[in-house]
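To start, the structure under review is shown below, and the notes come after it.
Should a chain be cited, it is by its letter among A, B, C, D and E, assigned in written order, with residues numbered from 1 in that chain.
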Amino acid sequence: MSSAVQMQPASAETVLTVNNIEVVYDHVILVLKGVSLTVPKGGIVALLGANGAGKTTTLKAISNLLHAERGEVTKGSIEFKGERVDKLSPNELVRRGCIQVLEGRHCFGHLTIEENLLTGAFTRKDGNAAIKRDLEAIYEYFPRLKQRRTSMAGYTSGGEQQMCAIGRAMMSKPSMILLDEPSMGLAPQIVEEIFEIVRILNSSEGVSFLLAEQNTNMALKYATYGYILETGRVVMDGPAQALRENEDVKEFYLGVSEGDRKSFRAVKSYKRRKRWLA
Amino acid sequence: MDILYKVFVEPFLFMGEAPDLLIQTLWEGLVSGVLYALIALGFVLIFKASGVFNFAQGIMVVFAALILVGLYEKGVPAFLALILAAVAMLVLAIVVERVVLRPLVNQPDIILFMATFGLTYFLIGFGELIFGGNPREMITDALLLPQGTTELDAFGGSIRLQHLDIAAAIIASIMIGILAVFFSKTRIGRALRAVADSHKAALSVGISLNQIWVIVWFAAGLVALVAGIMWGARSGVSFSLQIIALKALPVLILGGFTSIPGAIIGGLIIGVGEKLGEFYWGPLVGGGIETWLAYVIALLFLLYRPQGLFGEKIIERI
Amino acid sequence: MLYREAGQFKTNYVSDSAIFPLRQDRIGLGLIILAAYALAFLGNSFLLQAVMIPFLVFSLASIGLNILTGYTGLLSLGTGAFMGVGAYACYKLMTAFPDVNVIIWIFVSGFFSAAIGALFGLPSLRIKGFYLAVATLAAQFFLQWCFIRIPWLVNYNVSGALDAPLRTLFGIPIMGPNATPQTRYLLVLTIVIVLTWLASNLVHGRIGRMWIAIRDMDLAAELMGIRPLQTKLLAFAVSSYYCGVAGALLVFMWYGGAEYDVFNINQSFFILFMVIIGGLGSLIGSFFGAALIFILPIVLGIVLPAVLSPFGISVGSDVIEHLRFMIVGALIIFFLIVEPHGLARLWQIGKQKLLVWPFPY
Amino acid sequence: QDSIYVPLFTYRTGAFAGSGTYIADGMHDYLQMLNQRDGGIGGVKLVIEECETGYDTKKGVECYEAVKGKNPVMVNPWSTGITLPLIPRASVDKIPILSMAYGLSASARGDIFPWVFNPPATYWDGLSMIIKYIGEKEGGLEKLKGKKIGFIHLDAAFGKEPIPLLQELSKEIGFEVALYPVAAQDMQNQSSQWLSARRDRPDYMIMWGWGTMNGAAVKEAVRSGYPMDKFYSVWWPSEDDAKSGGAGAKGFKMLNWHAVGTNFPALQDIQKHVVEKGLSKSPKEKVGELLYNRGVYNSLLIAEGIAQAQKITGKKAVTGEDVRRGIENIKLDPARLKELGLEGFTETLTLSCSDHNGHRPAFMQEWDGTKWVKISDPIEPMTDRVKAQLDAAAKDYAEKNAGWPKRTEACDKAS
Amino acid sequence: MRAPDHPVMSKGDVLLAVENVSLGFGGVKALTDVSFDIRKSEIRAIIGPNGAGKTSMLNCINGFYYPTEGRITFKGVKRPKMRPYEAARGGIARTFQNVALFKSMSTLDNIMAGRSIRMNSSFFWQLFRHGPAMKEEVEHRKFVEEIIDFLEIQHIRKTPVGRLPYGLQKRVELGRALAMEPDLLLLDEPMAGMNLEEKEDMSRFILEVNQQYGTTIALIEHDMGVVMDLSDRVVVLEYGRKIADGTPDEVKRDQRVIDAYLGVAH
């Protein structure tokens, strides 16, 4: 299928290369069956796919958080800035500038919002003043957080927690962010804002993004390149533009077949998705 | 009626009659409280930093004290032995982190609890293998700890204050102060609480669990060493001292698992409460109520505040 | 591919919701039970008396605690005391009514610990997690204190201890020093099998689901209409029932007599560790846990000297004991690292691997 | 190849190791000495095997099961808690139980407990000796009237064993009793008990402790300023326990019935044949200390039991049943003691069919700050006061245990 | 099925009325003086920016929080302070924003657990797993299987739900709530984290439940497409206050809603 789509330009410098990795959970559950992808320096790459396709698993494999869930990369290699990172601990990776925003919030419930944000700066060594400045910047991005800065994160609303998680990652001044479902549970306005923030960080500070996202529409609007994952395999990839125009993608991920958006009321129950690869 | 009188009136009359005994009882309670708090503190540090309920704290107390005494017996000067014992606790912390904690990151609390039990077993065997099962005397003199008693005549009786107890109270307060500052004012302190909250999220923001764990286990080891010296000076150093650690449980629970001040206040409440209870009400039922009174006191407080006096609020939100 | 489920279709819900849907499992279970009974006639008295009887008793107590801690998620450190209540109740009952068969009293004694257990379970509505441990610890120490302070409980015995009087079933001594290990083993085995079967029915039905629901997410469970207090108290009661029966068996079928000290806090921890290492929320795990924590040290005690002596190392019983502690401790950590969810999960994964064998996944 | 299997239940680990280790060494070394010096007893080698109980009932019963099948000539539980569940089994398994000066006092009655032996004195005898001694100090037992006697004890079967007698005596004589139980988990945390003692101001303190409890009690007594010369103990504290009180422990008294030190040929043989050959686990300087010699005494009884059994039966490899008879025939008089190289080590002890104890006197010794000093002549137990109680208790025990067997074992000598 | 224990209500009657409800936590005011109603058999959406108090509103409705002020009337009866399980037994079921499944149980058992309140065979029979207990088990199993078929999750029937991808977990959660056969179903962001196709599936389920069983539904959702298409009426909260209430079309055009929430008109 991907023959129809043009290959990613090899010229751009890549920050992240995932080479044919296989992931097994609990010694028996094979989830990723050979996933390869690259993120160019300063790129925004989207990782799309249905529930359970393995997006989160891919991101965790990169950030080395799999161990904590009894998962394991059994094959393949991962390189970040030209260096093998499969054996690094998550904190060493953060130190090197690659941080993940976990899916499903995961704030520190017993810490206040502000303390949560500050933990993000744990690996930084550039002094309190800089940290303070960045904290203010985050509050600028998310005014809602400023209002709730002294509340315990565990008591804040779902969306507030999501903002907190994203802000916390930004506090580490990363050069690459692995963003897992950033839009989940956020009000439409905030979703746009978040993607705007992604764009700003990307263009002004050169932060690269790998973005796992269900909101295909948004993701493809902001991303430069995209991969589509199905049951643990990459089934299609290409520049965002090309994907947006692909008929299958349109129908199954964007819901705009025949040019117009369908009503959710009009969904027919017999509709079944076609699979690229089974 | 008679019973009511015996329970509600007589003890108080007696308190008034013999104020010297009352004060002595309170003092003993405070001293025990400080000693309980010392043990509880070790638990708190580790719990705070990893959510691990460290069953091995008791044996660490024994272990630290035995190393100290053992080295001294081998002719090492007391203060050098003290430093070496601290180094040993550092080594222990590193080994525990490597061998036990690292592979168990992000596992449920109870599993880590169980692992520390395995550790306890191991350390008991290991310790007895090296040091033998015989009790030792703490090297109180060599460590320049004061001994002796001051007898104050007051309230028509006398109050005996042990110098050692006073020293214990002072040392414990200093240590607690240092720890409290270290853990609340530093970036490590914040990271600790983060780790206790969620290993996974802490990993994701780049907090190095390994480093944090070594730090707190080492701190807990130091606390164990101090507790070992103090308890050892009071009742000898032997493996049965490990059981005393159980006494730290109600203290912890009352104070809240995560609070350093909680450990202190909890310790004092339990210490004083249990001594008063045993002294004034124990005889009514044949004595020995100390064994469970502490738990009942803790339970009463908990019914009122389910997270203990200073514990982190239990977040219930959906 | 010995172990596979292919070809075993379930045509109705009754058989699909059977506790052992796989034929191999059922056959295996049957064989194990058969072997257990056969052991009574093959094993020597040491094996029966010092290994199997206590192993079964501890398994039963672990099942009890597993119901509370494993299935319902309520941490208890009072198991020892609840076992004690069963033992003391059984003693009082059978000395007060010596004519009623003692087996009945063994079963009845559990109700006393169930009642006491439920009583100490009351704070569980408000107090959770490690904090709940304090309520059960209060029970542990308070009850233990009662055992020693109330001489009525031991019929004012001079020794202050419980002892097993002679009791018979169809004229065969089943309790007391004259009962052979064989009869006692058979009795204990039967009781344990029956009670395990009942427990397995409970945990696989509505009540079991309610318990697990409370454990996994108590708020959600409550929002689905499950009454937390009732459910928790039921767990406390059932759990304590099992512990109580186990306690009675412990004293009268194994020790043959015991001091209050047998029911101390160490006993509570001991059982808790069996439950954790065996697998929280697994009945089979309770047996595995009891085996690892109880039998392993015994085996080590026998094996270690044998292993060491060929090397010319003859070590004293104390060194053996120290090594035993170290090895058991290390093994506990080892097993937890290999599989934090306990031996039961290891077992399951093993079966799963068999299922896909010879492929790795 | 004949041999006699002698299991020793010991505890070199756990909370009671501090006391248990010395006992274990003493027991082991004496038997080992017999093996080394004489090739065993009557030419039969002893197979000595220790089983570690940790003073834990569960492990004790496990040990019993482990040794049961190997034809042991007797078991030595070294814990009242372990002894109790073994008592009913002894007659069934035909294994004598030697609970030397501990265990169930009532088991002194050989006619009711044919398989249990607890020489040379019961706990009740011990208590009566202490009371008698302090009575004499006061100038007559009746002078104790109106006095207060504190009893600090391990809160377990062992520590509670003498309480019924204590209460009985208090009624008879008219002194007051204050009980201070120490829970096993609080052995090292006795401040409440001693605080209460300050409140009650008992004229005398009597202690029934073991393991770390003894040392901690001495410490606490010193700490709380209790007059040490009023502090008495049953026969279990060791030198180490007294030492932990420091200089303040001077004046602390306890009962004892045998010598300390190594000034006996048998003990010197132990040093020569066992300790110096590196066959002992005991440090050299501990040989001859109080609890070490206590262990030696225990083994002396074992050895005598076996020797007597060999004599009676004419067999070499005797069994448990033979040894039971052997112990009933023990007669350790000065002549025999001399023969054994233990002249003056202890009092005469004669056991019989009906008397499994001997109810022998013990003497009082005092801690002078560095060692024990014998300060009294042997004190006879107040048999008149103890006997009736003991008989009642034995009867009670047999009655409560339905089906308790009547003694069928024949007696070897009239008594 | 179950005999109604309340006056039978017909479509259009007010099933639940919220009157002047306020809710505060110390300093934070999560809800201020909110009033609205939910009519029998409608799909009522609650929308608003993050932290507006939507989840808190649901929590009040099913008894997890008790309003500091105001009152809630359900089926015409004013609700006293009650424990959540009583609300559940009264006919209110819900799903959760952060999935709150029983992680270690299989899909089947999770949904069966949802039927706990409708099962009542005695402890005795439970012990033996025979007679009434088994009969009941099978009967309810049938019902649950219907739900499973309906939600098209047959293939994960026996999988422990902790291992399922997020989207499927949400679906199981819906199944569990349906198993309670509620009168009022509260859905807190049931489609968060789903892709388009899955949202379509979910929409279909919601509509079908609503149409086939006449179940009343309160729906919180941030996807405006879904909200506008599915709901009959929409209430909008901001900072704990109600700022709009009406049909999707009315709300969509409300300037305050656009400013506070939608950003650009959808």
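In the analysis below, a contact is a pair of C-beta atoms (placed from the backbone, for glycine too) under 8 Å apart; a residue touches a chain by one contact, two chains touch by 3 or more.
The UniProt protein names, listed by chain, are A, E = Branched-chain amino acid transport system ATP-binding protein; B, C = Branched-chain amino acid transport system permease protein.
Everything quoted here is computed from the prediction, not taken from an experiment.
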Shared interface partners, meaning chains that touch chain B and chain E: A, C
Most distant chain from chain A by Cα centroid: D
Separation of mean Cα positions, chain D and chain A [Å, integer]: 75
Chain D and chain E: spacing of chain centres that average the CA atoms, whole Å: 73
Distance from chain E to chain A - Cα centre to Cα centre, in angstrom: 29
Geometric centre distance via CA averages, chain C-chain B, whole Å: 32
Touching two or more other chains - residues of chain D: 12-13, 155, 184-185
Set of chain A residues in contact with two or more other chains: 29, 155
Contacts with two or more other chains, residues of chain B listed in rising order: 124, 128, 133, 246, 286, 288, 291, 318
Chain D - residues contacting chain C, complex: 10, 12-13, 49-52, 54, 57-58, 61-62, 65-66, 68-69, 81, 84-85, 87-89, 91-92, 104-106, 155-157, 160-161, 164, 184-185, 281, 393, 396-397, 400-403
Complex interface listing, chain D residues touching chain B: 11-18, 20-21, 155, 179-192, 195-196, 198-199, 211-212, 215-216, 219-220, 223-225, 240, 243-244, 246
Touching residues on chain C, where the partner in the complex is chain D: 44-46, 49-50, 54, 95, 98, 148, 155, 157-161, 163-166, 176-178, 254-262, 264-265, 298, 301, 316-318, 320-322, 325
Footprint of chain B on chain A - complex, ascending: 63, 65, 67-69, 89-91, 93-95, 99-102, 106-111, 115-116, 118-120, 122-123, 152, 154-155, 168-169, 172
In the complex, chain B residues that touch chain A: 105-106, 187, 190-191, 193-194, 196-210, 312-313, 315, 317
